[in-house]
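Each in structure tokens, the structures are laid out below.
Consider the two complexes below, in which chain A is the common component and chain B and chain C are the respective partners.
After this line comes the complex of A and B, so read on.
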């Protein structure tokens, strides 16, 4: 019992810590691309702490308050159901009791909580942001699930542990054995991280802060916290599924950082797409690739 | 009521710059000092482009002067902002919007008056439709004078404000709340029937909210 508690807190703490360092790196990376110094690598931590210690005087009914709590609970639960390490009793959370189907459900808790909270605030920019978010979700969810399904079909299991165990070395990584599934997965994954070509939801200046326009002070601090933790949970999930998981914390950091760097590099290079362009893109390229790889995996005799 | 115990108009700038030397921050507890340190390290700016000073905010935020290295970054909405920058002269029509924006910000919140126009009216000193002294209408935490101040001057102002925050100096919002009647009377004098509705500020009277 005590083990579970310590383990759960370690996982939450570690995802928070990695989250703000990764985002701090992202801001510095962005700054260097734009030929400036950029903020300290701990800047996201400072921002988050400042927001958590600000006042919150805006009242839009109970749902406005519960929405961020639902999103935060969704993020914490996702973190606890993704195994961080392979062949270890630490940083496992409750992942033995869950599987990928459960994780897929948990990933959608965030957007739904967002819609509930922002809807009750009644701010037109917030509602516009949520509409964009749910439209984008419609686009990215299908190829994302298809990518997950491809991995599940390939290994004939929904258990993340079993999929990790089936990739003992580089030659058996799903990235190598099933690169099509990785390609299908990586673009919706980037969109779910709100990275640049697909960041129309919270597009600064365009719809102000998008779904977050009405949040301030502590609630915004909670939203920032869950965003950082969720990012790490998703990165770890992709590292588990395609990069063979990690046996040590350093390996985990290296693999998730490599994935994060890929996302950061793509998002600094490409400008923002409009909502319908995003959906068009997802339903053409990743989904088309997904259909091809489903055919390749199931029907073709050589697979 | 409001007493002019500290300064008036342009005298404020020098006094505010020197005030940071007087405070040592020693009177704060360890946790308060830590929170104050986080606060000064992360300032979200609502740049209210009221006058020509708005043009100075762009180079400040972008690659040339890069305010982000001080943790200063633009906020999209007043709800998320810590610092309101009034950049230049303030027409009476704009004043109403600025007051609404200011009252939506969450405490602790700070105001930076940018340019001479916010101090004494500047070159608009005899204009019929601009206000002369910003601190009659909103509590100003830091003045940056000049017409126009360069982005370097603005950075100096921001850094002085950061020192003030780190030393635990109370934000101007406290002054606004304590002297709300005085500020509202001044605002009513220039806005007349155009005053923002009462519900935007009457919660300041409802005890010590927030």
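After this line comes the complex of A and C, so read on.
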């Protein structure tokens, strides 16, 4: 029991720590690309703390308050169901009682809970943002899960542990043995991290619209925290599935950072697409590639 | 008194389920015997009926007693029990007809029914009944037997004919595209509570029928025309019918502006998943189909009864006319909330267990394109789920009635609360449902049971999950973070008015249209595929078919010109052609 508690706290702490450092790095990376100095790498941590210690928070009824709590609970549950290390008793959380499909579904539980809060705020621009988010989800989930399903078919299991164990060295990484699956899911994966060009516009633009438009103070802090943790959980999941998992914390950081860097590089290079363009893109390019890989790896006997 | 009698009648399926022992044979004339028995498969659907019938009956008891409705409902229940108990096609057909006619008469008692709705209901359901009749007579003509049992030694064309006849009969009942035309109309126009029965229970009779098909063909569907990857070819076709139905119905549901129509399309979509899983035919997929049938029954009972309560209290059924009911109808809000979580297949509620089994079934069969299509429709369903809860409960109240509505009467709330409890319990204990409800059916069908190491665990060869762990972790974190939030520094203020919004730097007033309910999903039309689907309707499909048929007929008609010489020429040509072909084939 005590082990579970320490382990859970370690996972939550680790996700938070990696989350703000990665996002801090992203801000600086973005700034350098745009020839600015950019803020310190700890800026996201400072911002987050500033929000979490605000004295005033405006709410619009009970559901508005519970939404961020649901999304936070969803994010932490996701973190605790992703195994962070392989061949270790640490940083496992409850991953033995879960599987890949469960994790993918847990990723969306929180956002849907928060959508209730946005709806109960009564701001039509917020709901517009939620609808855009759900529309984009509809686009990205199909190729994303198809890519993961190719891996599940390859290893005949949905258990993340078993898939990690089947990739002992570089030659057995799914990135190497099943590159098509990786290509199918990588762009939707970037979209699931709210990275440009597939992001949904947030609040801070000229005509502000988006899911966060009504949130302020500590609730905004909660939303920011869960976003950072969720990003790390997704990166770890993909590192587990395609990059062979990690045996040490440093290896984990290196692999997730490599994935994050890829996302960041693409995200700084391309401007945002409109939501329907995003969906159409996902249903044409990654899904088309997915269909090709299904035909190539499953239908034909040479596989 | 009458109401008590009615309520006890609604408990008869439960009584049948628990007290039935042994088969009954009822010799009729000429050596034809009616057989009645409760097979494990029928027992599963009887259990669904046993759960659903009293929940639908309870709201019907409200107000002045309505004897004809009660009587028809009793006949309907009798018919459905007869159909489930039947061991041969005669009893099955009698039950089927009783169900069709009594539900039609119940439908006619709605004040909102129009000619088109009534006609499409009865026409489609009669077509289904006659296809069933044709199928069973054809079966009798080949085997001299009406019993529902494995048939061997059939020729392949006969198998195909039987499969098509029965399949079409049941697919009409299920509402598969393009045979679904009667579903949205009748679910929409039926008395509000009765819609719950139509969607939750009567659509399941079609599923029961489809599940008899593997019984008739002992090697599942694979012996009809071989196998593809790890599943039957005939099943592959069935699975695509199911998944295309569910995709199109999901997008149609998103475009609806009426709560009951949205739920009707969502029923078509959800039952489409079941058809897909049945097509796979492996024990995992059939288990998933049964689980989905169970969850869909509970969810649709809950949602339709809750929506009926909202309509009763406000008199409105369109998303544009409602809004902000969350504080006035909190229990109904939770009813819809639990309902949509189940509908969307989110963990930790049991909808996820059903989805999980179906996904694993498809992955196990290596039918990944079907899987992708199923994921598309299941993710798209989030949008209409959100619309269903946003429209009535969140946002701004958009009509005077919505501003003063109160919570629904207890007749509606009791079923809601019980159903919510059942859904949550099933979410925590998916293994219980597998062990107690689903495995007996699988054993009865001669398949490998899925099995569950513990009541809370859903286990498959592909891995599983623990319901207690998921629910426990989520609830613990939720409580902890809420407690921490309250312990932390800082105050929370409730916004002074509901117009106190970040609204482009302006202050909205009561005249500003702030409720997004009706417009939600409209922008989806800009996605080419969705726009294409929403621009086309099934009615247009049928009229297009009609035009094509007429055009073809016209073209063939030109062959029969008024000139007799042309006829004779054709006759000679055909005669010569036949002779040539016969000569070439050596006949």
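Heads up, the rule we're going with is that the second predicted complex is superposed on the first by the 295 of 303 C-alpha atoms of A that agree within 3 Å, B and C clash if a C-alpha of one lies under 4 Å from a C-alpha of the other, contacts with A are read in each partner's own complex, and residues count from 1 in each chain.
One rule holds in what follows: contacts are C-beta pairs under 8 Å (C-beta built on N, C-alpha and C of every residue); 3 or more make two chains touch, one makes a residue touch a chain.
Computed from a predicted structure; not experimentally measured.
Using the contact criterion defined above for the overlaid structures, shared-chain residue A:9 touches neither chain B nor chain C, since it reaches no partner. In the superposition on chain A, the chain among chain B and chain C reaching more residues of chain A is C. By the touch criterion defined above, A:34 reaches chain B but does not reach chain C. By the touch criterion defined above, A:214 lies against chain B and chain C together after alignment on the C-alpha atoms of chain A. Touch criterion met: A:58 reaches chain B and chain C at once.
Shared-chain residue A:170: touches no atom of chain B or chain C. Once the two complexes are overlaid on the shared chain, A:298 sits against chain C while remaining clear of chain B. In the superposition on chain A, contact of A:47 is made with chain B only, not with chain C. Overlap of the chain B and chain C interfaces on chain A comprises residues 53-58, 208, 213-214, 217. Those residues of chain B lying in contact with chain A across their complex are 35, 38-39, 41-42, 44, 62-63, 66, 68-71, 73-74, 76-77, 79-80, 82, 105-108, 203, 209-210. Listed in rising order, the residues of chain C touching chain A in the complex are 229, 324, 326-327, 337, 344-347, 352, 355-356, 359-360, 363, 366, 368-369, 371-372, 375-376, 379-380, 382-383, 385-386, 389-390, 393-396, 457, 461-466, 469-470, 473-475, 477-478, 481-482, 485, 488-495, 498, 500-504, 513-516, 520-521, 523-524, 526-529.
Taken together, the chain A residues at the contact with chain C in this complex read 52-61, 63, 65-66, 69-70, 72-74, 76-77, 80-81, 94, 97-102, 105-106, 108-109, 112, 115-116, 119-125, 127-128, 130-132, 134-135, 137-139, 141-143, 145-146, 149-150, 152-153, 156-159, 162, 203, 207-208, 213-214, 217-218, 222, 274-276, 279-280, 283, 287, 290-291, 294, 298-299. The touching residues of chain A, counted against chain B in their complex, run 27, 31, 34-40, 43, 46-47, 49-50, 53-58, 204-205, 208-209, 212-217, 220.
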